[in-house]
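Quick one: the structure is below, questions incoming.
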Amino acid sequence: MIKASIIGATGYAGLELTRILSLHPEVKIVGAVSRMAAGKHLSEVYPSFKGKDLVLLSELNDSDDSDVVFTALPHGVSMNIVPSLIAKGKKVIDLSADFRYDDADTYKKWYLEHKCKDLLEDAVYGLCEINKDKIRTAKLIGNPGCYTTCSILPLYPLLKEGLISTDNIIIDAKSGTSGAGRKESLGFSFCEVNENFKAYSVAVHRHTSEIEEKLSWAANKNIALSFTPHLLPVKRGILATIYANIENISRKDVLDAYKMYSSEPFINVYENGLPELKHVNGSNNVNIGFVIDERLNRLVIVSCIDNLIKGAAGQAVQNMNLMYGLDETTGLSPVAWYL
Amino acid sequence: MIKASIIGATGYAGLELTRILSLHPEVKIVGAVSRMAAGKHLSEVYPSFKGKDLVLLSELNDSDDSDVVFTALPHGVSMNIVPSLIAKGKKVIDLSADFRYDDADTYKKWYLEHKCKDLLEDAVYGLCEINKDKIRTAKLIGNPGCYTTCSILPLYPLLKEGLISTDNIIIDAKSGTSGAGRKESLGFSFCEVNENFKAYSVAVHRHTSEIEEKLSWAANKNIALSFTPHLLPVKRGILATIYANIENISRKDVLDAYKMYSSEPFINVYENGLPELKHVNGSNNVNIGFVIDERLNRLVIVSCIDNLIKGAAGQAVQNMNLMYGLDETTGLSPVAWYL
Amino acid sequence: MIKASIIGATGYAGLELTRILSLHPEVKIVGAVSRMAAGKHLSEVYPSFKGKDLVLLSELNDSDDSDVVFTALPHGVSMNIVPSLIAKGKKVIDLSADFRYDDADTYKKWYLEHKCKDLLEDAVYGLCEINKDKIRTAKLIGNPGCYTTCSILPLYPLLKEGLISTDNIIIDAKSGTSGAGRKESLGFSFCEVNENFKAYSVAVHRHTSEIEEKLSWAANKNIALSFTPHLLPVKRGILATIYANIENISRKDVLDAYKMYSSEPFINVYENGLPELKHVNGSNNVNIGFVIDERLNRLVIVSCIDNLIKGAAGQAVQNMNLMYGLDETTGLSPVAWYL
Amino acid sequence: MIKASIIGATGYAGLELTRILSLHPEVKIVGAVSRMAAGKHLSEVYPSFKGKDLVLLSELNDSDDSDVVFTALPHGVSMNIVPSLIAKGKKVIDLSADFRYDDADTYKKWYLEHKCKDLLEDAVYGLCEINKDKIRTAKLIGNPGCYTTCSILPLYPLLKEGLISTDNIIIDAKSGTSGAGRKESLGFSFCEVNENFKAYSVAVHRHTSEIEEKLSWAANKNIALSFTPHLLPVKRGILATIYANIENISRKDVLDAYKMYSSEPFINVYENGLPELKHVNGSNNVNIGFVIDERLNRLVIVSCIDNLIKGAAGQAVQNMNLMYGLDETTGLSPVAWYL
């Protein structure tokens, strides 16, 4: 059994992580930290755990013997805590943005000055389908963002194969409100969100930089693209509608590029039809479909993930599975809830 | 034109009041007060007013010339402000609980010590269909609560006519989340409310006392009943399912009792079928249907209102219409939105 | 491995059953029947199965070697199909109403004339926490209804212990729309249901008779009660608010009665607080809380289940686990989704 | 008073039209036709009309004396009915696609062969803010589509002024489900739509051709663009996110172009911030905001309408107001519901 701890167990990503790990057949949770609810039972915060409870800690004990620590903390906070965990020999899977970037300058530009650039260099970007070999031997994982997972995976093979123009890539993304985390905020209250829909952070959302850095790997050139997030009146799920200009490529060409994913257990490429949120919510899947608009020489891709699973907690567990030599799918559902 | 001011224009009841009054053909809004947004345009808080804007004040000017002031403030706050308005000769329609009770002791028991009991005595309970004559000449209206409006109106005629047992009356009520007002609260966030449903304040909700006091008028004896509120994942609307024991009464007997409302423009009694939220939301209507369960000698009533309109702002405007001798329906829709 | 088949795999209960069984560690699905989608892949109907697909059959093959067959069919249809399955030596878990009743006359009165009364006599009512021993050796299970599971379990111990009056029991129940099944119906369209709420089948819902028959077992006398279902604008979950008159009983008395469930893995009795849909949805749990209203000598109980899991597919799998000597919880989550 | 009739009063556009007209101070509804509900009261179909009812007809009487007839029928059906109404001297406002196109060949290509091309030539495209003078004297109005209204109005001034590139225009639009009309369809059931989101008709939606034809007027050249509709889990409202390439234009340039709308009562251009559905739903407004992404030389526009009001019934009434010389805003709200 892998002994795992979670720091930040009562945020929404932490909640989902705790749920998945508590049902994972190869994991024993040895510590669950929540500063705001230390000393309480988890079921006092989330009564959904009445059937399988644990006590929340204010911090990991000195005697903590976890093999792996999941840090589900705000960016800027993780980088204060992760170094000491690494120093104690723990493997760390960090769900914040703090260890996702190759380039500390990019991190600084979109977030803030990085405080442990050496660790940043050692960290492995935990996008499992792109970086699998490095993940297996990693000590520190920068677990990808939700929007970025949903955006990078469908574009990566096409840019690698040079099938689409690198100009005029537009990602119009729509996310459920759990992506904003658990917070007291008027803007996320039911009365404000239900029967509403809005765009936000247009042209300035931080995930833009993460998407661009990783897609630049694939294209072997600098990519700059439009990324527009929207807030859906749903709890879970991200759907990205992606536009790219093409010339003389066929449906088969695109499907061939996606063969890169043919042995990936969590990626479903649609022969026809397009994915919807309910095709993925509750699972760790990334579903991808597309339409070639011959009239306009444009490719329209639709990709979907569950933002809390493949976009956060599920991918973190997938990373752990890889790091410990388990079947990648252990404890993660390939079947979505649908309802 | 009636010159009207609103104190508390940016809460949800205040929003709805401002929307209705800004479209009312006989009203000119001369002051809209919001301490939290003073100096801003209303459209900065609610962009729904982009097409018909006004500037928010920190308090009513000394030169304020309003005829009537609507106070949409928390209970306990209104009673600090209303006396000076009355002293200036304004008519006041108060949407809080502060001027709803006959009995200051009941108010104290369920809320707090009352600070102006003499005004409380002069205040008229603004349940239009029950208290119409007193309202016409009132200077201070205690506008009824939302749950109470939806509960009292269907029961009043039956208790008055002695058609139901006064024991074992149970009101199982379900409200949209706007009833909780506009606030930063985790418990009312979209992720917590959507796809959820819960009971709250079971056996201790304050509206119980308001319902009991007014129904005791009708029954001419003290009424004590169960009132259980629930939180619906909808924005607007209250539906109350009401149970009362009966003996040997017919459908016709109940319909006859409801003839008391036959000339009321906003009460729709169903000959058959039962009301639903979408039959009333957006209107000032109270819709009432019922089933006689002969197997159990029990009457089951279903009543619905829009909590922000008939349960707050609409009823306040109906009171104003009565106080100024206008057609009661002026500026208030008898047709619901349905969608 | 248990070889299991599902007849009616593409209704909503069938969908949930197929999802649970496809992830169950001790089950191999050997047949999934859907007349309306025979020959298709399940993922063509529900793309949520893209990651774990199967082909739908028009009927079970002659060579079918399943040990247990789940029939998820409309009432009246099951009783035409189950006899031949039993004759072939299959164990059968039927999710319709056809094999739930002790009394064929009650079934006739609320549904229709029963066609195989002898099988009805042999069938075991599959409410696991009440009927566990009989279930272990049963060949044919009548899997309980959703409303009934949520209503019977909280009341059973109280009636057995004589803690509540058998008069004036009122069950005010609210269900998500998946309870109505998968159908093309204007009344269940999004535009009609969202931001709406309604009561239906007041005083005449069929589940009333199932609740009454089983609670009469507990009380050892005939029980007649009010049961009012309502349609919530949510996909999943049932919450029942239950009212019963009491005399001089304490909170401890009620908790003592519920000790009957203390070793039940799926029943959570709340020491304080009340359950909500999100405390149970996604799990097989039944959560029960209550308030004693001393002012009125009335007990108010709130109980919640996921209608598709404990109310249908999960309980069916729990029954299968019991029939095959597995740990009752195998393949069933004790942790709810919360989000 | 204008005597108005509605053919197709019980579809969702018809419902909204009937609601608006029944409250319009200058209109008397003299006929409401619904083949499916002829003879019934409107309140039997939509109990939201309990407070202001009318009887539905199977067709307009021979003695029908309406001045104007609104036809809210499926495309292909309207063109069978409108000619006889015109022949009788009625003014007609048709809400289908049948009279929207300049070019019968375009109509044929995206819909079907047109049956009355001469009337098509006389028909005026009822996009009020673009075509106001022609509308005033029109006898037959082709009322614009919902997606098209939301797409054309923000782009028209920019194309007219040559501020954006005509290549690479992408309209990513999201609509509430009422846009699909009132129908029994599994795909629009609550369980399928809630907590879901999907794209549909990618690259082939018919409204593409209507948008392109009208924007070609503005640009004075043929426009071809990407239009992608999505289905939101909301009842009402359309939000379009529009991308266009630019070169060296400023925020002021865009605002200057929008001055074309400065006297339009229903168009709100945002100085800053972006519109959301709840800024427009319930009103006849078109709200437009934008961001200039200087990093990419791209303009991102967000526009919103209520699909049933400005996208259908409200615009139809606005057209009527213009045709009868009324203030354009009569009976139409410039204030949205917000909640």
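Which chain is which? They are A, B, C and D, in the order written, and residues in each are numbered from 1.
As a convention for this text, a residue touches a chain if its C-beta (ideal position, glycine included) is under 8 Å from a C-beta of that chain, and two chains touch if they have at least 3 such contacts.
As the structure is a computational prediction, the values presented were derived from the model and not from experiment.
Compared on C-beta pairs in contact, A-D and A-C come out with A-D as the pair having more. Among the remaining chains, the Cα-based centre furthest from that of chain A is the centre of B.
With centres taken as mean Cα positions, chain D sits 46 Å from chain C. Look at where the CA atoms of chain A average out and do the same for chain C: the two points lie 36 Å apart. Remark: chain A and chain D have CA centroids separated by 39 Å (rounded to whole angstrom). Contacts with at least two other chains are made by residues 12, 178, 191-192, 194-195, 233-236, 275-276, 278, 339 of chain A. Viewed as a network of touching protein chains, the structure reduces to a complete graph with every chain in contact with every other.
Within the complex formed with chain C, the chain A residues making contact are 12, 15-16, 19, 22-23, 46-52, 178, 194-195, 235-236, 265-266, 268, 270, 273, 275-276, 278-280, 282-283, 285, 287, 308, 333-339. Taken together, the chain A residues at the contact with chain D in this complex read 168, 170, 172, 174, 176, 191-192, 194-200, 202-203, 224-226, 228, 230, 232-237, 239, 241, 243, 245, 274-278, 281, 291, 293, 295-296, 298, 300, 302, 339. For chain A in complex with chain B, the touching residues are 12, 177-178, 182-186, 188-195, 233-235.
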